[in-house]
Amino acid sequence: MLFHVTMDVDIPRDLDPDVRADTIAREKAYSQDLQRQGKWPHIWRVVGKYSNVSVFDVESTDELHEILWNLPLFPYMTVQVTPLCPHPSSIR
Amino acid sequence: MLFHVTMDVDIPRDLDPDVRADTIAREKAYSQDLQRQGKWPHIWRVVGKYSNVSVFDVESTDELHEILWNLPLFPYMTVQVTPLCPHPSSIR
Amino acid sequence: MLFHVTMDVDIPRDLDPDVRADTIAREKAYSQDLQRQGKWPHIWRVVGKYSNVSVFDVESTDELHEILWNLPLFPYMTVQVTPLCPHPSSIR
Amino acid sequence: MLFHVTMDVDIPRDLDPDVRADTIAREKAYSQDLQRQGKWPHIWRVVGKYSNVSVFDVESTDELHEILWNLPLFPYMTVQVTPLCPHPSSIR
Amino acid sequence: MLFHVTMDVDIPRDLDPDVRADTIAREKAYSQDLQRQGKWPHIWRVVGKYSNVSVFDVESTDELHEILWNLPLFPYMTVQVTPLCPHPSSIR
Amino acid sequence: MLFHVTMDVDIPRDLDPDVRADTIAREKAYSQDLQRQGKWPHIWRVVGKYSNVSVFDVESTDELHEILWNLPLFPYMTVQVTPLCPHPSSIR
Amino acid sequence: MLFHVTMDVDIPRDLDPDVRADTIAREKAYSQDLQRQGKWPHIWRVVGKYSNVSVFDVESTDELHEILWNLPLFPYMTVQVTPLCPHPSSIR
Amino acid sequence: MLFHVTMDVDIPRDLDPDVRADTIAREKAYSQDLQRQGKWPHIWRVVGKYSNVSVFDVESTDELHEILWNLPLFPYMTVQVTPLCPHPSSIR
Amino acid sequence: MLFHVTMDVDIPRDLDPDVRADTIAREKAYSQDLQRQGKWPHIWRVVGKYSNVSVFDVESTDELHEILWNLPLFPYMTVQVTPLCPHPSSIR
Amino acid sequence: MLFHVTMDVDIPRDLDPDVRADTIAREKAYSQDLQRQGKWPHIWRVVGKYSNVSVFDVESTDELHEILWNLPLFPYMTVQVTPLCPHPSSIR
């Protein structure tokens, strides 16, 4: 089941630089683990913004919330979720 | 080069039913042709709306405009284009 | 799996009165059938508006789109879908 | 009498961690007490957000304001209230 | 129980002039009847707009919806309802 | 001459508690004095918000600005003013 | 007493050309009469729009509403009114 | 050449009171000097807000930017500029 | 003197096809004439929209309004004007 | 390939003045270098704002993101990117 998710990141300027670097590193590892599992099939950077557009493939809305809530950068993100379904014109 | 495109469709109620059916059929063929060429790699329906979220893979902004402007449903669409680029956390 | 759905209805003034009455009657039957199946557990009227707030309980985003797309009043509605999940404070 | 209420929570980063934990614990107890009384019949988490969608069943607008104003997290919430009434299609 | 209600009126240009005049006359009678009953204690015109700001005093959200839904001009109105309660600084 | 005024209050978290309490007390006295003079005939709390909806009855826009600018909580308020006039359906 | 008023004009395409020309002529005469009386001291065109920004000098909100409501183009206008008062830095 | 300018002022609470008083005094002198030169023919206070509506009469967009950028309160202002031109109904 | 102008075009579906074609042809000639005079130095199409982003170089706001008001497509456009001035980092 | 970019700058008040001056100087040098390379053909100041409107001429969306992400003022900017293409009426 697919969900379109946008994440806009706004890390506070006064966050300790080590905490910042560590959080970003953990975010990357966390994302790549989910990508390898096939749960986060697409992630793109939005040009000119500290934002991404992603597509998640999950079993349920619960699973999606669990994934998003535990993003290391979640406290600094604005997240917007849109449910998707197959398009009748899609050839896939 | 990737672009995120949303299309919200609003076909006028008084459009001739045959014109309507024909336009929708041509839209589907047009889209599927571009999907087969690899220029329109993703198209999803937004749940509860006559809208889609798509990703296009084109050589230039000109090519993208040419594709969108010639969509059979273009006169009845609101289109929003956002440029994308690879995300540093992507494993692709 | 739960989804919060708002529906704002705007039936065109010039719709044939018989078509209008028939569409509203079919909408009611369609809704009540889904309520009886447990797929549409909540529907409330918003005070002062031709709108409702509903909760759907479905197996997938596909099923939800299928239900909404086939609402007899769908062509005259603006629909907004928000995915829900259990709240940690809920006693249910 | 039913009211639809959305609560978006934004706890300041610099709130003392003990105060934070205590406030969240008190919020949970406060909510569950009202749920048991039947005054807060529904609370759902919005996927991907520190927000909930709730339905309250109260005697008056005064009682609703009293409940909301005394939420332990109220100072950190944006609250939106929409009055509801029975829907003519509801089978309840 | 008090509710703040704004009504923005937009009567279609092509409405039959007799229907228009009759609807406006019925709206006035309907409003004045409710004012006399004490259910619609305040109605003010917004300067420069075909809009009013009103306060209703009703027993329930159901009663309020019933009143608003049956306004003769309701089909041509955008209505916004905000629940009110006594202010702690009020001397009333 | 009547004006509709909404006031949304947002007192900074780090305001000294004594200053806060004193400001709120002075706001209440200031408001009640104007209510007694008939210049602030209505003040209601908006349910679920630290906001009020008020009606002022003043001689001029100058007088209204003077009153609002000197509200003890003015520095922490967002104020919105809408001019009113008698409604042709009003029985008052 | 001064009020800032913006008027955005949108005359329907299908208005009879003679009615249109006559309405615009009456609007001009109406406006110039009020300008001569000193009640409409400023009117400017907004560049690139069928809109004006005006300042009115009236005795009351009633008088202002009466003036605006009777503008020949009022049925085709969106009007926004903002109350003004003297600025402490003004040398006038 | 006329431009309509709105300025919304938001001076930070923690600005040193002497700096604040000095900045406001310099703003007043700066504004009055430009008023005397005829470059800032109108300035009005918006009722209930720390905002003004102004009209500037300048030789060029450069000159206008130079004036606005050097306002002592510029760092604490949100400024909106709208180009004006003579209105065909104006009697001036 | 430079102005940034966006034009969003929305030609009514029921416009006579000959009138439509003629208006578009006249718009093109009108625009090219102004481009040749140096008054309309830049015009770009916005990808995926019937809109353009333009820069005008004019003597005054009057001249700019005159140019825009007389665009053959003006009755079907939404126009937004933003005044520009040289940027201190520009090497031109 | 052309992109329209707006940049709104908001440098925090408490940024060290030397850091501030250095960042602004590096921004200028960075911009001028790209202008000389032909990658940033247009940059204009928006009158009355700490904002610019720019046009970039790049090989790809990647290159554009790389340029924007590395702007010395990027952490203090809100950036909005709109893809452009040649306009059919352009004489260039």
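As written, the chain order gives the labels A, B, C, D, E, F, G, H, I and J, with residue 1 at the start of each chain.
Throughout what follows, a contact is a pair of C-beta atoms (placed from the backbone, for glycine too) under 8 Å apart; a residue touches a chain by one contact, two chains touch by 3 or more.
The structure displayed is predicted, hence computed values, not measured ones.
Repeated interface, listed pairs A-J, F-G or I-J, reference A-C: F-G, with more than half of the contact pairs matching by residue number. Comparing chain pairs I-J and A-J, the larger number of C-beta contacts belongs to I-J. Inter-chain spacing, taken between the CA centroids of subunit E and subunit I, is 44 Å.
Centre-to-centre spacing of subunit H and subunit J amounts to 27 Å, using the average Cα coordinate of each chain.
Centroid to centroid, with C-alpha atoms defining each point, subunit B and subunit F lie 51 Å apart. Within subunit I, contacts with two or more other chains are made by residues 2-3, 45, 47-48, 61, 64-65, 81-86. Considering their complex, residues 13, 45, 47-49 of subunit A touch subunit J. Only residues 1-3, 60-62, 64-65, 81-86 of subunit C touch subunit A when the two sit together in their complex. Across the complex, subunit J is touched by residues 2, 4, 27-28, 31-32, 35-36, 42-48, 52-53, 55, 82-91 of subunit I. On the side of subunit C, the complex with subunit B involves touching residues 3, 5, 12, 61, 64-65, 68-69, 75, 79-81.
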